[in-house]
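Should a chain be cited, it is by its letter among A, B, C and D, assigned in written order, with residues numbered from 1 in that chain.
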Amino acid sequence: MCRWLAYSGSPVLLEELLYGPKNSLIVQSLHSQLGAEETNGDGFGVGWYGAEETPAVFHSIEPAWNDRNLRELSGHINAGVVFAHIRASTGSPVQQTNCHPFRHGRWLWMHNGLINDFHAVKRDLVLAVDPGLYPEIEGTTDSETLFHLALTFGLEDDPPTAVQRAIGLVESVGRKHGVEYPFQGTIATTDGESIWAFRYSSEGKSRSLFFSTDVRTLREMYPENELLRGLSDESRLVVSEPLGELAGAWNEVPESSWGVVKPGQDELHPFTPTGELAGVSP
Amino acid sequence: MCRWLAYSGSPVLLEELLYGPKNSLIVQSLHSQLGAEETNGDGFGVGWYGAEETPAVFHSIEPAWNDRNLRELSGHINAGVVFAHIRASTGSPVQQTNCHPFRHGRWLWMHNGLINDFHAVKRDLVLAVDPGLYPEIEGTTDSETLFHLALTFGLEDDPPTAVQRAIGLVESVGRKHGVEYPFQGTIATTDGESIWAFRYSSEGKSRSLFFSTDVRTLREMYPENELLRGLSDESRLVVSEPLGELAGAWNEVPESSWGVVKPGQDELHPFTPTGELAGVSP
Amino acid sequence: MCRWLAYSGSPVLLEELLYGPKNSLIVQSLHSQLGAEETNGDGFGVGWYGAEETPAVFHSIEPAWNDRNLRELSGHINAGVVFAHIRASTGSPVQQTNCHPFRHGRWLWMHNGLINDFHAVKRDLVLAVDPGLYPEIEGTTDSETLFHLALTFGLEDDPPTAVQRAIGLVESVGRKHGVEYPFQGTIATTDGESIWAFRYSSEGKSRSLFFSTDVRTLREMYPENELLRGLSDESRLVVSEPLGELAGAWNEVPESSWGVVKPGQDELHPFTPTGELAGVSP
Amino acid sequence: MCRWLAYSGSPVLLEELLYGPKNSLIVQSLHSQLGAEETNGDGFGVGWYGAEETPAVFHSIEPAWNDRNLRELSGHINAGVVFAHIRASTGSPVQQTNCHPFRHGRWLWMHNGLINDFHAVKRDLVLAVDPGLYPEIEGTTDSETLFHLALTFGLEDDPPTAVQRAIGLVESVGRKHGVEYPFQGTIATTDGESIWAFRYSSEGKSRSLFFSTDVRTLREMYPENELLRGLSDESRLVVSEPLGELAGAWNEVPESSWGVVKPGQDELHPFTPTGELAGVSP
């Protein structure tokens, strides 16, 4: 329902990430090729890490393709970790507080997909959020609730476990309310050092997710590509839909998986929600 | 923190209500004279009843004084019951879902004031909202939560009792959290027939509230005033701050009172929150 | 580049015109089928005639498909002459002053298409606008400039002649600047009584334009259609792209034509720009 | 009618400039003390120079005091030359293209004041703009027209002479149209190295303008002030209204003057518009 991009690597001008490639994220805001919705015009957001303790976020309710401030800012901001998200609302209002990425301290979170029948399960899910975190919820999306559930379940200490418990809870609560497939989507979260990405849906037909091939491999494949020469070996993109046209540049993340892009070796693991309702009380 | 106007009577062009009088509501959006905040530039809203079953609402995050659509619409819409509200945020984001008046079925609701320390008490208050109503909450203001508490406590059947219970709950929960003066403000609500207005604060120093003198009396006082000749005998305004310059046109609503403007005789009564926590379960 | 709808007939709720039909204008804002651009998300506007002397206009920079105020207003406003326009910018900023329909006194104007290479010819065209009208230009679009040229050339007295002279000037000036095909598009204009529609392009490959078949004919074709029973005999729609699914409901306006929908017999005529540059001085 | 701030010196976080001081520019957006208008809520803009060739600009139509993106960005952007402007419209629409600072190549421009009776003189002034620059005018303000006149008269080569000719033309054209006092205001412009500031009005009663005292002097006066210790000797602020509370920190720019803040010695000179109409043809 949305499209997103997560980057980690050598500092780059946001403009190159967002507008540069063929089928760039901004192009996808008008014409996505793989998305459930072709147009992602219900607001957008960008988050990045600079010199300050917490990441910056810029949220807008305009379509990304015609937002002049986004164009300006991305032509002047460099960053080594960047999250960008374009939204196709599944019902909640188009307002800045509903734009991804969401932030908590040093953490950013974004999501493509949905909690099915959120209207019916929202109250139960919100009640499971740590009361100390509850007042931080500013918008009304399923994605922000899921973020606060993951925080409640220890996202800052162990992201994969926390997300597995959060989605496990979503599935338990959803099924209690008779929802056949409670969760659908891909998620990215970061502390500014590593990026964790998740692909999962209750139905086993998840939104697409891709990560870029190792830059060294790409450089060997495309010795004349200047962009690749400028990137550090560990630069990596995770995206809901491939950008650009370099053959061999993208690997699909398998169904029911999570991975982490980090200094050192990246990892890819199976993802299994922790389903027991006992898991509710954090 | 905000300013509002409620009108009931002969159908009038919104423009006359909103822009016409000296010290009109739109002028107050820039320069309020009695408000806790001089500028009410954090969005606005208008609600009115036409031929359709439910009232219309128009919400905007622009300051009222420079909103071209408000100017346009109020020059073309006539109505016999009108609510208008200009906002000075006490912290919650400036977004359409936080703009008054709020609506539920045929009912409109608007509020000037605040639930003190809302951050601390919000979760408890939201939990007291009828689970069937809970998913209807679209924004993040104290005022909308209060509306849903009043609905939970039977607003549609007995507005004064429901509001007394809702504010009673706010006071109980607030005091439980150590808030000295949990509630402050004036409220207007309507079903399109009658308008109920409330003035109350835990501290006994409430925001100001005025209702217009009986039109017949005004006509006798000002036999040459054309505007007054055009209004039906029962036309009445309730406002947070007097409009215009007619001496004798306005009566202050006393502290801790509620009144109702309706076909037939208006009423004014003392307002006493129903304080027992037992009142929580509706 | 845009899509539009012009309605004249029995007063209808705007909602029925804008949201009701399959492939409605609001659906076209996300997924146009015939447009040069599939998405028309760069703002929109609606104009209608009520009891007041001048028509009302409502302009917004949000995409029409997610604008809550448009939904609200169109559920509460009835009118017998309605213009609605959804925009896909061809370069000028997305701002309310660039949203159609444009207004001058009792007249409304909207346009789908463009003045090619407007950047190069704008100054010459603006200089040809009557100096008394010049200060009324509020935005920066080619369409608004064209409207003011047509007003300069007598739109209020003789619309077809004025538009033929305005487009003639656009072609002369464009060719002087080496523009091969200076004009492209369809136009609708109204004084609240009649609606004039134009289809023309320098290249002879104009944007599409359709008018609805006579309501009596449609009623005979579809005796069970309730909507048709409610409309007066003279109700008529002119649209850039057919709405709904009634076979036989739509007639394409031929290339290089203008027509008028008015009380009495509608008309359709060939359209020929008045090309001489001598036509510049009004 | 507006308020502005121009900074040149050691790179600082925008937040410190915009939100830090008592009576900061953001506070002035709600409660200006010296302005012709107390509230400056009709949009704002910030421009700054980073590593890129041209400066960045961020424009918004929201009031500065409640804009969350401004708060975010200013907490993450450092710059050594910063322009910031808050707007109180004197009639032209509140839209991003009417927000200062305006940009041309490496140059920024902002203005507090107005061209009197702009409606009457606009066409003549716009005609005097270099036809090559004309298509760059994106908004509808007097301030942007003045900027393009100054560019036409050589702003990039000799700012004081160009501004004197531009305002001279405004006065000539204004008087031709019977305007008694054609110009009023203060202006700041920069190429990213030096900042030129102007204070002038036809009436001789100009908007206020202040520049900060030499940092070395301030440091001696306030040996314990930490902020001052962090600034380079040549850091300097030019503002329409003093910020903060340091006695002796501000010097008023005299009537009919222009000054330049630059590497090396600052300068202050008398300002005399070049009045002859012969000056029109650039």
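Assume a contact is a pair of C-beta atoms (placed from the backbone, for glycine too) under 8 Å apart; a residue touches a chain by one contact, two chains touch by 3 or more.
Quick caveat: nothing in here was measured; it's all calculated off a predicted structure.
Using the contact threshold fixed earlier, the set of chains in contact with both chain C and chain D is A, B.
Both copies, chain B and chain C, contribute mostly matching positions to the interface they share, with over half of the numbers common to the two. If you lay the C-alpha trace of chain A over that of chain C, the rotation comes to 180 degrees, to the nearest 5. Centroids built from CA atoms put chain B at 41 Å from chain A. Each of residues 68, 93, 96 in chain A touches at least two other chains.
Taken as a contact graph, with one node per protein chain and an edge wherever two chains touch, the assembly is complete, since every chain touches every other chain.
Those residues of chain C that touch chain D in the complex are listed here as 93, 95-97, 119-120, 122-123, 126-127, 131, 134-135, 137-140.
Put simply, chain C touches chain B in their complex at residues 50-52, 56-60, 68-69, 72-73, 75-78, 96. Only residues 30-31, 38-39, 41-42, 61-63, 65-66, 68, 89, 93-94 of chain C touch chain A when the two sit together in their complex.
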